[in-house]
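Remarks on the structure that follows.
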Amino acid sequence: MQRYILSRLIQSLLILLGVLLIVFFMLQLTGDPVSLMVSRNASPEQVQRVREEMGFNRPMMVQFADFMTGAVVGDFGMSLRHRQPAMKLILERLPATVELATVALLMAMVIGIPLGLLGGSNPGGFWDTLCRLAGLIGQTIPNFWLALILIVFFSVGLGWFPTFGRETCTVFGIHLPTRSVILPAFALCLFTTGQLVRFTRAAVLEIKNEDYVRTAYSKGIGDRQIYTRHILRNAAIPLISIIGVQFGYLLSGSIYIETIFSWPGIGNLLAEAIGNRDFALVQAIAFFASLTVVILNLLTDIAYGLADPRIRYGD
Amino acid sequence: MPETSADATGLLVDETPDRTFRQSLVYVGRLFWRDKTGLVGLIMFLMVVFSAIFAPWIAPYDPLQQDLRAAKTPPAWTEKGSFDHPLGTDNLGRDILSRIIYGSRVSLTVGFFGVLIACSLGLTIGLISGYVGGRTDNIIMGGVNLILSLPYLVFVVFIAAILGRSLLIVILIFAFTDIPIFVRITRGEVLRIRESGFVEAALSIGAKRRRIIFRHILPNLIGPLITIATFEMSAMIFYEAGLGFLGLSVPPSVPSWGNMLAVGRKYLTIYPWIATIPGLAIVFTGLAMNLLGDWLRDVIDPRLRRVKK
Amino acid sequence: MTRRCCFILLTLSLVAITPLAAMAAPQGTLRVATTTMPNAIDLPMGAERNAHNVSWQIYNALTWINDEGKVVPALAESWTISENGAEYTFKLRKGVKFHNGEAFNANSVVATWERGKQDKMQWKEKFAIAKYVQKVDEYTVKIGAEGPSPLLLRVIAEFWAMIPPRYYQQMGENGFLNHPVGTGPFMFKEWKKGDRIIFEANPDYWEDGYPKVKRLIFRPIPESTTRMAAIQTGEVDIVTRLSSEEAEALKAVPNVKMINYPVDRVYYIAFNNLTSGKGQPTESSLVRKAMNYAVDVQAIIDALFDGYGRQATGLITPGDWGYDEEIEPFGYDLKKAGELLNAAGYPDGFSMGFACPSGAYTNFEQVCEAIQGYLGAVGIETDLNLMESGKYWDLEGKKQLPPLFGDSWSEATGEALPRLKGALGGMDASFSAWSDPQIHKLLDEIGRTVDDEARAKLYVELQRYMQENPPFIYLYEPVTFEAVNPKVKDYRPRAAENYYLKYTSIE
């Protein structure tokens, strides 16, 4: 087990190194950002001075080494627009994004897993078709489009939810979500919901076909017991990994939803940074998002390893 | 001939019965008939393909033709609508039906060529990776894992923002970011076949490597690759619309569904059909391809098929 | 331009109401939706107009530009200008206090200048305009420039937000940015990053009767559809920067009042005679005039901006000091264009490189495509290259763009000089690709002339010269749209897209 975790850890570190390489060289494609940092009335000498101050005139390899040493200690340079450390800006926005992603994930689980179970319990039937269709629509509906329709219908039309922004209520110093999270979380959760319907259904079908479940059925054990004892427990293992991956997706995939609902999270910051060509900030966010995905993958792999002895001993 | 493409045991024998083309067609038709959702998906998908291919003949108007006097006409089934413009017109009086029909060209072009490039490159790389093994395999898989752990949307948006708006760039972005999935599938299949001992056996009796690849490995890959390609195409259409929404996809003058959404959203509260209809078109196409993909997967994976009976 | 008249009438009627409402205690909450989140509530650090608009609600400068575009006293009660126009002596207002209780005096002026001219500040050259700032006594301060400096009063009105020196020293740069303190009508209360900025009325504000509202909230809503929805539901009271399409969609909605006004920004296609354009046909003024005649700007405005926009007559807009009322836009005249090209010796046209930024300006890609078409019609074949705007400006700054390139330039001070100098300064200006000795001479003179009327005459002379020898294809000045809740009274946005909310009240 220790060896397994260690090898996964080394793998993750290598991946992060690769990500750093990619984000650095992608930024080089965007040209010299100095023109965005000075006022347009600046003279060529002023521009040159800023260029030297920011170190953009150094050889690319020197800049890269500098970037890497900074990255190791969590320093991703300054946002060109905010003139503040990029990491600080990201961390300021993190709570809002985590709140949105968590609520969306819970929503997806509450909607998706029961639908998947329902579908899987009676494959080919009417309910199965309906659940599959619901899942498919969830996966194919463009969430940014749905988000706007939700706003028009529920906020402007019915007035049930606020149109935009994040309101929290503070209980014992903890910021709890309020109804302002419902529309964005719903719009965000649909894709994950669809995935969960699909995977839960497939897992149920697969386990139902396993010999021990067949045996249990033939012994005359009731449906309910089989579900709780065997099917749910065994289906949980692949679901863990899917949920882990999906949480990563939710954290990074909220660029549209956060922008549309003006949700003060990282996705919103990213869209703004792209709009302002603040590529230093984009770079930091891209790395941060990759870091989240890699860590979540690592954690799910470990959880998976703990849950499934075959993996533990196999590696 | 999907039903022979993968065997549950993994033992691959040249057991493909040499059916005639017609017999195969009848067989596939019967499979479709058995699972109606697959049939529905197929019909829906063919409708999209048809409208893309025959756009100039079936579209009632030039998708770029503006008619400001007829601007913002609602669809025919509403009170003020007329059958001159069955789905209404947009803010510049362009016929929405015609734009939807032409838009399917953009979507399918992006999806088809994106997947084609990704699939062929992924297949080649995957074959090399699985077949050569060793250090080459490690390096390739490192790269694959690297790309897969990047937050997809963030990177696509980043690249598109840097490179600018053109159909070719959009296709290339999707193609290159999608290679890893095809590499994984191919490599997995190659390894499975190698582990089955079949290849060693074939080699020992003097079979040529090339023959093994073309005669045994590739046919087994067609099924899974087509399935994945269907899902990936659907995903690309989805993401293209997303880029269009951010103003990062094809140039604004091109009638694409994403661009139509991007323009139409401004009128969502007053003239809702301008944005709603392209949105429905995206859902329709996505649904078609996913139904088709699901069906392919069920047909190709015999274990699930058995369960269904 | 009937729409512009509407706006002027609106402003006038708002001005007329004002005295009646004076003296009432501030009440109500005014919620303003901005397009972006300010990066800082600060002038020298504020990245763009949104940040500056938010900032000016809590700060004051020595001078202020009033709604008519005139420089009037603010924290300075009066000033005198030295004989050579280089040194300004300000008498400061007494008894003004910062929000933290610190007294405003000459030290604040010195501290503001010293902070603003640091290299790390985005707008440092707006502070470097002064060579020295000298405290004469507690309430007298001298600001001196390199030479005659007619724009100094306007620049300090736009950028020199007075800061409390002792507080700034205690808090440090970051502490100050997190909790800014000024002398303005509102006081900083809270900033939830990415979400909202909350200001409260300053009870001790030195201008009696202001502000009118008790609480001011700024909320960034980047997505314009959401901005539109939020004004419809009444979640915000003022929504800025809508497009003509969005404005039209909101027209039919009850409880939303639409306003629009022209913006002090000029779009143009620039010629180059410094680098890539050397030896090209466009060095001939006949060719440049022909190209101005060849482009149907009004048709572009009609097709791409629903007719909202004004044909540019040069780089000076009607709101700028010294605008020449008699000047006419070139207009679309293919015959003249053909004749001029003939006279210049290019009857069959020529071909040339052309670049435009993408993703930076509304519909600008299409504008450039249209121009490519118009130029093609007179035989000038262009190879249009649409470039990601960051890269584009990088190349523009390095003067590496093709000999024809599109861009725009805004101006907030109410005088076109900074824009003219920036775009036509030759090798001395980063974003200029044009050098013309006559223009240099006139700009130098304008820059040295402190007398307003004399300066206006020079501007007129310059405009006429730039009509005969156009360094650009002049395109258009855009119109912006805003939606306001009818309960909001006396909201006065300006052509530079700025606003001061001390007047504004809410029922």
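We call the chains A, B and C, going by the order they appear; numbering starts again at 1 in every chain.
One rule holds in what follows: a contact is a pair of C-beta atoms (placed from the backbone, for glycine too) under 8 Å apart; a residue touches a chain by one contact, two chains touch by 3 or more.
The structure displayed is predicted, hence computed values, not measured ones.
Of all chains in the assembly, those touching chain A and also chain C are B.
More C-beta pairs touch across one of B-C and A-B than the other; that pair is A-B. Chain centre most remote from that of chain A: C (centre = mean of CA atoms). Inter-chain centre distance (chain A to chain C, centres taken as mean C-alpha positions): 39 Å. Mean C-alpha positions place chain B and chain C at a centre distance of 47 Å.
Computed from the mean C-alpha positions, the centre of chain A lies at a distance of 23 Å from the centre of chain B.
Under the contact definition stated at the top, the residues of chain A that touch 2 or more other chains are 30, 148, 152, 156, 271, 277, 279.
Along chain C, residues 225, 229, 232, 388, 391 each make contact with two or more other chains. Those residues of chain B in touch with two or more other chains are numbered 161-163, 265, 268-269. Within the complex formed with chain B, the residues of chain C that make contact are 224-225, 228-229, 232, 243, 245-246, 249-250, 252-253, 358-359, 363, 365-366, 369, 386-388, 391. Note for the complex: chain A touches chain B at residues 11, 14-15, 18-19, 22, 26, 29-30, 123-124, 129, 132, 136-137, 139-142, 144-146, 148-149, 152, 156, 202, 205-206, 208-209, 248-249, 252-253, 255-256, 270-271, 274, 277, 279, 282, 285-286, 289-290, 292-294, 297. Listing the residues of chain C that touch chain A in their complex gives 36-37, 39-40, 45, 47, 119-120, 122-123, 125-126, 192-196, 219-223, 225-226, 229-230, 232-233, 235, 388-391, 393-397, 409, 418, 421-422, 425, 427-431. If you check the complex, the residues on chain B that touch chain C are 91, 161-165, 247-248, 251-253, 263, 265-271.
Of all residues in chain A, only 30-44, 46-47, 49-50, 53, 79, 81-84, 89, 92-93, 96, 148, 151-152, 155-156, 159, 162-166, 259-262, 264-265, 268-269, 271-272, 275-277, 279 touch chain C in the complex they form.
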